[in-house]
Amino acid sequence: MNSFGRIFRVSIFGESHGECVGINIDGCPAGLPLTVDDFTEDIDRRKAGAKGTTPRKETDLPRIMNGVYNGKTTGAPITIIFDNANTRSGDYEKQRAVPRPGHADFVASKKFGGFEDYRGGGHFSGRLTVCLVAAGVLAKRLLKEIKVAATIVEIGGEADTEKGLQKAIDAKDTIGGIVECTVTGLPIGLGEPFFDSAESMISHAVFAIPAVRGIEFGTGFAAAKMFGSNHNDSIIDNTGKTVTNHAGGIVGGITNSNDIVFRIAIKPTSSTPKIQHTLNVETGETEDFSVKGRHDLCIALRVPVVLEAVTAFVLADLMLLEQQISRII
Amino acid sequence: MNSFGRIFRVSIFGESHGECVGINIDGCPAGLPLTVDDFTEDIDRRKAGAKGTTPRKETDLPRIMNGVYNGKTTGAPITIIFDNANTRSGDYEKQRAVPRPGHADFVASKKFGGFEDYRGGGHFSGRLTVCLVAAGVLAKRLLKEIKVAATIVEIGGEADTEKGLQKAIDAKDTIGGIVECTVTGLPIGLGEPFFDSAESMISHAVFAIPAVRGIEFGTGFAAAKMFGSNHNDSIIDNTGKTVTNHAGGIVGGITNSNDIVFRIAIKPTSSTPKIQHTLNVETGETEDFSVKGRHDLCIALRVPVVLEAVTAFVLADLMLLEQQISRII
Amino acid sequence: MNSFGRIFRVSIFGESHGECVGINIDGCPAGLPLTVDDFTEDIDRRKAGAKGTTPRKETDLPRIMNGVYNGKTTGAPITIIFDNANTRSGDYEKQRAVPRPGHADFVASKKFGGFEDYRGGGHFSGRLTVCLVAAGVLAKRLLKEIKVAATIVEIGGEADTEKGLQKAIDAKDTIGGIVECTVTGLPIGLGEPFFDSAESMISHAVFAIPAVRGIEFGTGFAAAKMFGSNHNDSIIDNTGKTVTNHAGGIVGGITNSNDIVFRIAIKPTSSTPKIQHTLNVETGETEDFSVKGRHDLCIALRVPVVLEAVTAFVLADLMLLEQQISRII
Amino acid sequence: MNSFGRIFRVSIFGESHGECVGINIDGCPAGLPLTVDDFTEDIDRRKAGAKGTTPRKETDLPRIMNGVYNGKTTGAPITIIFDNANTRSGDYEKQRAVPRPGHADFVASKKFGGFEDYRGGGHFSGRLTVCLVAAGVLAKRLLKEIKVAATIVEIGGEADTEKGLQKAIDAKDTIGGIVECTVTGLPIGLGEPFFDSAESMISHAVFAIPAVRGIEFGTGFAAAKMFGSNHNDSIIDNTGKTVTNHAGGIVGGITNSNDIVFRIAIKPTSSTPKIQHTLNVETGETEDFSVKGRHDLCIALRVPVVLEAVTAFVLADLMLLEQQISRII
């Protein structure tokens, strides 16, 4: 549902055009230094405004409501809220008759009996990813020497992302992309058999990010074309380092001390300026339709810091779990 | 850890060369007909013996220990056990000095301080997937008109899978493949915001299957190359049917009544007959090494029924959760 | 930790003298009518101001931040916040040297390494029970015809509670009491074997209320003195009604359609005006000490509505769980 | 449902007259020595045969199916099974028409639609407590210097338990009792705010034991009659030791280094030899009825070791959780 994690446990809430969006983090150890300024860098990285992103700009100032005292975490739950200042609900209300293709509008209305807050995608909005980024800031601090870094590696099939973005601008359409995440400085042993493999936990959190269509670890789908003798990573020393890293740092669901490397596929923004032919639920007929409002041309551009965040809180949780079990004897 | 699911909850246990492997299923409604014979078809589909699979043959006879009375589920937990009859531990004991590349041997030893049951991969063995199949049989029964079907679509990059397999036989090596899963007959509304999207839950369970390296839903990684106007699926009627199905049946993390379609990448079997050069943990030096024992040439061949099983129990759980919330008002 | 419930899931946060206290409720069905006014009655019942209660008065105005739109729940998480307006931290800061006997001060400082927000008990404060009341309001609405009612049945050993309270006033001391809760209109079948018996779930939540020292269902501790032939409740008809109700409405952990009846023991308020002799952690010596600040003479007076609330959200959760399982076949 | 615990997680299964009962323990650290002999003492303490207990005797030989290799835990789940050898189902089958007063028969039939295994109480049988004892043996080992000890302190209202038992024998009836549990050697800090207080977790597990009607910590219900100045425990040194222990070792839901002391009320065995007048569900009329089969005169006699067990696995889980959080910084 809206919570994730066994020990370092995040709970997300809020809607795009409601009063606020926010996140609650339970299970964070006491004594971690944390100020509002610590959030600035990552929240700025997620912000709109660059070429290809929406002109909707939020101040995105995190309000730490609880769990921090005298600049340090207290061990109590930490609630961080972002007010929704810049909402233009008028853009959306008329659109209920025509559920936007590629959006949750139609399924949300069916699932919640029409009671959902439909404005701007409501609880399904990408707006909520700012909360993930906030949880990520805290998780990164907990991870210390473990570093998580994500970057766009492809837009519209082009490794030269500027070129890929230009294709969308030229076509007056939206476009997809691929984001790669690398984690360095990992110990051996994160991930729990049988169901909570490192890949299971990461992919669980990753598919909560809107617009993700696929994930692959290490050599990924290319591994399906390989021979075993080429794919296996030979171990070279007792720290677990391997000659190659086809496994992407995870074997048997457990980190093996090599870098975690994985890629995710981001679909093109659903809200394209192009005319679409789709159902009007009031008339029961299909009709031509175009999305109004302010949107990202390439939502992948804003994903890297979000991807880092979910990866960080997954690893923080696995780290807390591993330490407790391994240290007891 | 070793349990998965919120209501229809499975817990797996056992080791490759221990007394048995098994699974416990909690939260299954009472009154479902269930006999040992119901397991035969799916368990046979997973069995070894066909070209490209291991010569190790288990009888794989499920023993229903609890939770079924007079041929029907009772509402109490259901425990299903498979005895390990055909074990040849001698194959494995000598191999401890050289952790097999691509296997969990090395990380398991580090994580569990050398106390792990290392014989045949122990708790990390693919042997445990027979338990997943058993849980899948029960979940499929619960799903009724919802049908889950998986099939190999590629071996070694060849859509003609016989051809792909022959490449491995010729090369005296192991080889990877791709398995596709399709789910038909779905209602709208399975999957829970924010973290328990249908993709999140499916991928969580899928990455518990050994050897999975990637997953993509609908158009998947190809979506990253597309324009929004091409990728969006226009809705054509009030049942939610869409013209195309690039989304793979899931929008906003929620099923939209179209077929769920997803593919997973399976790496080549790690236990290749080829010589590998890797670490001997006792000498601290790398050396030439080859895997002994009985293994699958292409583990992907045995994955489809396992993939169906995990998909089925994920959907059974989401269905139970959805019904309870939607029916209360 | 700070969350409770499987489907109807509450997460509590905040500190006595921080910015606010609040609660997040996940898993609440969509379409329930809910306005700020719905909270007034129960929140007023918890309020201080009556004889024997603290003079600290909060406005206790709930702010519904999310999950409600056009006066109805949306199916998304509901966050309710209470601002902390009336805080006088100066009362508490000096007291760190002398952890208040009967309070969490000492253990909190040890557990959280001195990083806890110690002002007014911080996250351990009874102030947080206003959040429980808020969750209870929502749960009661979901329970519909199931009614939960709690009342004080004893103060200081006196069934005449005015008399019991007067003993405390005369003694210039604080005093304990007993609160009884009755639930009517229950269906058969709430509670889940083995670990989530109705008593297990209720007592789990009840012991989260500060100052609770015991709980007994039905005849309770008196049952330990009885013969079986006197204690057993004979069933009289197919609705499950029984002649007597020694079981307190729960048999085998499952509701049996009779009223749930249970009692809880509330210790005397720890913050007594009396002089106490206890440790000064700075000097390492024991010394005479008296509690400053504004406190309840008999905290039991404020417990009934809190007890109703936790009982209501436990039953709401069990009801959601039960419906899902029973309706599936 | 049938699992309990966050990290040290037990899952129980089986029925009184099915093939076996058993328990699965996940999250147990690797490297703990464990043999079948380790179970003997506690399982013998639970066994029937003494005065006042049932003549049904099981061999109660635990079979460790998984998770132990070379006499040590491996870090994988541990499954322990007890075969049901000595079953006499004939005793029970005729009794379906008349649900036994005080038993789960009636509610189980309603909850599970008549599909429940009704023989000997099925999944509701006290037989399953042997599984709790087994989990307790493992938990006690993990707790090391923390010692858990329970004893009967009262039968039928008599502190001289032999006298209390004689009352039942004389009356040809069953009788209730009180069991007290003491835990010594505790560190400060076990228990988690807000909902997972030490009392919450212990009482949750305790009410899973059949026949428990109440629980009180420290001074318990007597605290409701006391003044604050008498009830508060003054701290005397920096280890947290207090002059008195009215709190029963737990303040603010957190252990305070003093002994945990709590008592539970056990109702008289429901299966009394006395004639009872109750519903025949087939005729719809009430009738005279007496319970057949082999039963305990005073079930409280067999509870102490079961109570120790659940207390031990609750504390093991809280200890694992606490260590993880406190050690991370």
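A few notes on this one:
Which chain is which? They are A, B, C and D, in the order written, and residues in each are numbered from 1.
One rule holds for everything that comes next: a contact is a pair of C-beta atoms (placed from the backbone, for glycine too) under 8 Å apart; a residue touches a chain by one contact, two chains touch by 3 or more.
Computed from a predicted model, the values in this text were never measured in an experiment.
The chains that touch both chain C and chain D are A, B. For chain C, the chain whose average C-alpha position is most distant is B. The greater number of contacting C-beta pairs, out of the two interfaces A-C and B-C, is seen for A-C. Chain geometry summary: the mean Cα position of chain B and that of chain C are 44 Å apart. Here the CA centre of chain A is 37 Å from the CA centre of chain C. Across the assembly, chain B contributes 1-3, 12, 27, 30-31, 75-76, 111, 113, 123, 193, 326, 329 as residues in contact with two or more other chains.
Contacts from chain D toward chain A in the complex involve residues 6-7, 27, 29-32, 75-76, 142, 193, 319-321, 323-329.
Note for the complex: chain B touches chain A at residues 1-4, 12, 99, 101-104, 106-108, 110-111, 113, 123-124, 128, 154, 156-157, 168, 171, 173-178, 188-189, 192-197, 199-201, 203-208, 210, 212-238, 240, 242, 246-248, 251-256, 265-272, 274, 276-279, 281, 284, 286, 300, 322, 326, 329.
Across the interface of their complex, chain B is touched by residues 1-3, 9, 11-15, 18-22, 24, 26-27, 30-31, 65-67, 69, 72-79, 81, 111-113, 115-117, 122-123 of chain D.
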